[in-house]
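These are the structures in question, set out in turn.
Two complexes, one shared chain (subunit A), two partners (subunit B, subunit C).
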Partner chain A sequence: MTMPAPASQAAPANIWSTLARAVLLGFLLCLGILVIYPLLWMALSGFKTNSQIFSAPFDLPTGFSWANYVAAWNQGVRSFLFSSIVVTAASAACTVLISAWTAYGLTRTRMPAKPVITALILGGMMLSPTVALIPLVRMMQSIGLYNTHWALIILYTAFRIPFTTFLIRAYMLELPSDLDEAARMDGASDGQIFWRIMLPLCRPIIVSSVILHILFAWNEYLFAMIFTSDLDVQTLPVGLTSLMAKHGTNYAQVFAAMTISALPIVILFFLMQRYFIRGLTEGIGK
Partner chain B sequence: MEAFRQTQGGAASRGGATDMQGPSPARRLFDKLLSLRWVLLAVIIVSGFIYIPIVENFRVSMTNRDIFTGEVSNVGLANYQRLLDDPVVWRALLNNTFYALISIVFQVFCAFILAAIIEGLRSRRARNFWRAVYFIPSAISTTVTGLLFYFIYQPDVGLMDAALSFLGLEQFSHPWLALESTAIFGIIAMSQWQGFGYSTLLFSIAIQKIPRELYDAATMDGAGPVRQLFSITFPMAREMSGLMIIVTITGAFQVFNEVMVMTGGGPSNSSQVLGTWLYQQAFILNDFGYGAAIAAIIFAVTMLTGIAQVWYTRKRRVQL
Partner chain C sequence: MAELTIRQVRKSYGAMEVLHGIDLDIEKGEFMVFVGPSGCGKSTLLRSIAGLEDITSGELRIEGQLMNHVPPSKRGIAMVFQSYALYPHMTVRDNMAFGMKIAGMKKPEIEQRIRHAADILQLGAYLDRHPKALSGGQRQRVAIGRAIVRDPRVFLFDEPLSNLDAALRVATRIEIAKLKQAMPDTTMIYVTHDQVEAMTLADRIVVLKDGYVEQVGAPKELYRCPRNMFVAQFIGSPAMNIIEGRIVHNGGDHVTVEHAAKGTAEIALHMEEEVIGRSVRMGVRPEDLSLADDGPHIFSGTIDHIEHLGEVQLVHLDVGLSNQAVIAKLAGLLDLARGDQIRLRTAATSLHLFDDQGERLNGPAGG
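Right after this comes the complex of A and B.
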């Protein structure tokens, strides 16, 4: 989607357009530095000693000592990371599987009251978790799931089913129904069609949905903060604030912990960018 | 929403194939009911953990629990009456509104222009590169970016004051988050830094969907890049901006993390937003009834923007 190059224009226009491009590029570069520099500063400060952070915030660390990273890891980051992985992986699997299952029903069967059910499920996208918060706390306390990973897995699944169903459903609507109809003619059951035909066909959007879910669950803070109180169930975003409360004066160590928590998701984004963008594209619609 | 109609059409046409085999009406009804198993789990989970709690929230908002005896009593609309007399609620509403307005400027208008600039670059690799770079902060948890900016705004070690003195602007040096007048704006600024890359990416995707021929025709007619920006890109992607404004307002009234992490609503409640005030009332002061009434305001605002979104999506045929 390049805008056509003004190369064919007369020479004076050429000078101006070169100049304009230089200005634009300079602008993009400055903005890029504004975005990246604080993050780089965070990662590098993790290698400094506390006194270096105070005396020379702009300087590069004098040596790459992993001491702060190791200390942060042993101060609880290892356990937070484990909780984050468990909650993210389990809720991603539940969300995507249930959503794909639901999307199949909404696009490939003749169920009664389909528009109503579709509106009910997709309508959940518009409701804010904050509004349900107080009753949810009482509910989780009364069924004994408060302060467990299960509470987060269930809530992340529930609040992401509407959006994920929306994504997968849109993709299934676009898929021609020849293949599954042919299979049906050959006597395949709905279950077989779902597992053997639809799921493989929907692989791209499934991958995108998983990535979008990971991005959400890894970074979620509100539920994680309210529904967990013990350090060994806390996920990274909450654990970081606990670490901050405990070791708030040891800046270098907190910086190291923040870097450890941000790194996996940034790496994942770069590796899976294509799928991520596909998910967003599908989300925006036609 | 438009796709609802497609579903029905598709289902009807598929129905034809099985009808020819002519199963009995009872069998067909059974099949139809059986097909509900596909959505049963999702309906139960979504109802149980989203819809029912939200309805329950309204019931809770009409009650008060005595802190000493633990007795719950119905108080009708008393909690809502309290909202009107609570200056912090008004302050929070104002802060949420600042959040919405500033985010609209940076994450809708500026992001739109930035996306147009990026999509106008000739090299495909350069376009991918800049989109990815600007997006990075959006991939990171708000706890991390919030804590990071908490440090950046610190007067003694922070980058902010160091940068100001580097530019010779020491007089603007501030304990940004510790002053009532600047705390909320410090938080909002962080949020713009974090979020603009995400909306830029969304606008980029919208611009990519504009038919290529329009630009080719414009080039043939001798329109330069700037002219094309104003007469093709902006009008074609304008629908997307309308939708982004609605979505941004919704987000601004749900904001919680960054305020919680950076100031906790302080100093002296100057940076409270609805979400953090709800937390303070319900979970620190254990006043669930009043907390639920604050939640009802968030519900009202997000419901309005939600309706606006459905209406806009139907009218303009764009989705988000």
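Right after this comes the complex of A and C.
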């Protein structure tokens, strides 16, 4: 007969904690719906006709016809997607490799005036892209890169190096220097230490940096809009805007195009969820 | 000619000098141990020899060749790091092969050397594992294996046992001693803060303190004839008892010291100068003290505390000094208890005498 006593004492506390958990769960559920529903609605609307979108905006599509998706794809989304992939992939590779090599130099070599150089590089984070816009346009025009993928690749790389270097440098500072010293005793050169010891050891932060860069480059609008003018070099954010301007009334097709453009990031997210979350916490300076 | 000569080596970090002009000669095939309290510059000296630190001034020669500006990998040196520093993303085999691959050695040769090292260190079964999947002792052996395959002239160890538990530490210490026997031509330099490791492993010991060499010598020599009070108290456990005193009589072949614990002691020592009244410090090792029943004694007092170690007991004797007890290592069978009054004696030849700067004045006979 000793069992009921503690149970009745514990009961009120249990009710409150269950309630609190239920409220929290409900809140998270609402948040989730708030984020996911519009995306889902957009994707589903891509399967409707334009009139259906207006007559029954919240119904499920009557059939899953890919017509809008195919039309959007052929209306230019294919080329925007290609541009986005090229610009994002190339600038991600350049940014991360250059930043990692810079971080290696800043953390592992005995260069003179290291604090000054570090401050100079990291100070780049303060530079607002808008301020530099006009000189950059002139510069790109004069070296003939205006309206090419190269313009975006170079700009994205240049503007993201300070931040990415900052991330990787912080990580490298934490790594014990024994390992690269051991490699030095083994006769490895700086290049070999970098490629064969440091990069593998820095994999978590490298992956995070790549993800953060992809998020940035995939969605970047300002530079993309200003430095490209032809449809065949425009990236998705700019391309979609021009698509909307052209087919402003065909919402079904616009929604299909948007869904296609969001899809790669969503897939990437599910593949690399683990790194994504770390990347984001790393990005806010954890 | 010495394998390794160090001349007036200084090392500064910014304005702070860490090594203050070190001179050392290390012979070929010697097992040399650097010992000293933490922060005294042992690792810095070792890393300077390895080439991981540039020396600020002075000369480092290996087999007569100036090494100051030779890169680490070209010095014929291998190093076992305190943390082992195994490459975590490589298997044991790749860890050992890394340096040889970089040197462009042929595959069969690499494989043969790895197998040889794995045999010596009983690592054959673990070659395809990653360091993560090994125990502390196995990682330690891999680190040694990575050094062996390089076939170095000089082998450097930086506190290699400090990450192991007590039992494994003793076992690994013995393995290292055997490894040394198996490689008689290889010079080994071993850094530790543990004087027991130093005493058991070394051919010769270098005692360092605050970036100065205090004494260099064979373990027995440091034990019997410490050059100063620091070495006297650092080598040997428990540490030597040191009591302040004053010389009151010079008897030609011995002097008599009146010490702070209200006793006198005769010390075998021949002194020419006028020494009466000179203030000195008298040292006696706990193991050199024994019970003096009714005969002459140098200390008398009350037992304050006893630590039983089985075979021996460490008796802390309150001799009337406020800040210091005299420790004696007495046979474990003696029937002693806290509060007992006892007297301790020692031979005139086992007393050490230091001047008020802590420099040695005498040696036990034969020392």
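Keep in mind that, in the parts below, the second predicted complex is superposed on the first by the 271 of 286 C-alpha atoms of A that agree within 3 Å, B and C clash if a C-alpha of one lies under 4 Å from a C-alpha of the other, contacts with A are read in each partner's own complex, and residues count from 1 in each chain.
Following the convention adopted for this analysis, contacts are C-beta pairs under 8 Å (C-beta built on N, C-alpha and C of every residue); 3 or more make two chains touch, one makes a residue touch a chain.
Just so we're clear, the structure is a prediction, and the values are computed from it rather than from any experiment.
Engineer: Between subunit B and subunit C, whom does A:131 touch in the aligned arrangement: first, second, both, or neither?
Structural biologist: first
Engineer: Looking at the overlay, does A:89 come into contact with subunit B only (first), subunit C only (second), both, or neither?
Structural biologist: neither
Engineer: Based on the superposed arrangement, let me know which partner A:182 touches: subunit B (first), subunit C (second), both, or neither?
Structural biologist: The second partner, subunit C, only.
Engineer: Just subunit B (first), just subunit C (second), both, or neither: which does A:192 touch?
Structural biologist: second
Engineer: Check the residue A:200 against both partner chains and state whether it touches subunit B (first), subunit C (second), both, or neither.
Structural biologist: A:200: touches subunit C, not subunit B.
Engineer: In this superposed model, does subunit C or subunit B come into contact with more residues of subunit A?
Structural biologist: Of subunit B and subunit C, more residues of subunit A lie in contact with B.
Engineer: Of the two partner chains, subunit B (first) and subunit C (second), which one does A:221 touch, if any: first, second, both, or neither?
Structural biologist: first
Engineer: Residue by residue on subunit A, keep only those touching subunit B in one complex and subunit C in the other, then list them.
Structural biologist: Common interface on subunit A, subunit B vs subunit C: 181, 184-185.
Engineer: Provide the residue numbers of subunit B that touch subunit A in the complex, in ascending order.
Structural biologist: So the residues of subunit B touching subunit A come out as 3-4, 6-8, 10-11, 14-15, 17-18, 31-33, 35-39, 41-43, 45-54, 56-57, 60, 114, 117-122, 124, 127-128, 130, 132-137, 139-144, 147-149, 151-152, 156-159, 162, 193, 197, 201-202, 205-210, 212, 215-216, 219, 224-225, 228-229, 240, 250, 253-254, 256-257, 260-261, 274-275, 278-279, 282-283, 288, 291-292, 295-296, 298-299, 302-303, 306, 309, 317-320.
Engineer: Which part of subunit A faces subunit B closely enough to touch in the complex?
Structural biologist: 1-6, 9, 13, 17, 24, 27-28, 31-32, 34-36, 38-39, 41-42, 53-54, 57-58, 98-99, 101-102, 104-112, 114-115, 117-121, 124, 126-137, 139, 154-155, 157-159, 161-162, 165, 169-170, 173, 177, 181, 184-185, 190, 215, 218-219, 221-222, 225-226, 236-238, 240-241, 244, 251, 254-255, 258, 261-262, 265-266, 268-270, 273, 277, 280-281, 283-286
Engineer: Mind pulling up the subunit A residues that touch subunit C in the complex?
Structural biologist: Touch list, subunit A to subunit C: 176, 178-179, 181-188, 192, 196-197, 200-201.
Engineer: Which residues, counting only subunit C, touch subunit A once they are in their complex?
Structural biologist: Residue list for subunit C touching subunit A: 50-52, 71-74, 77-79, 81-83, 85, 87-89, 98-99, 102-103, 146, 150.
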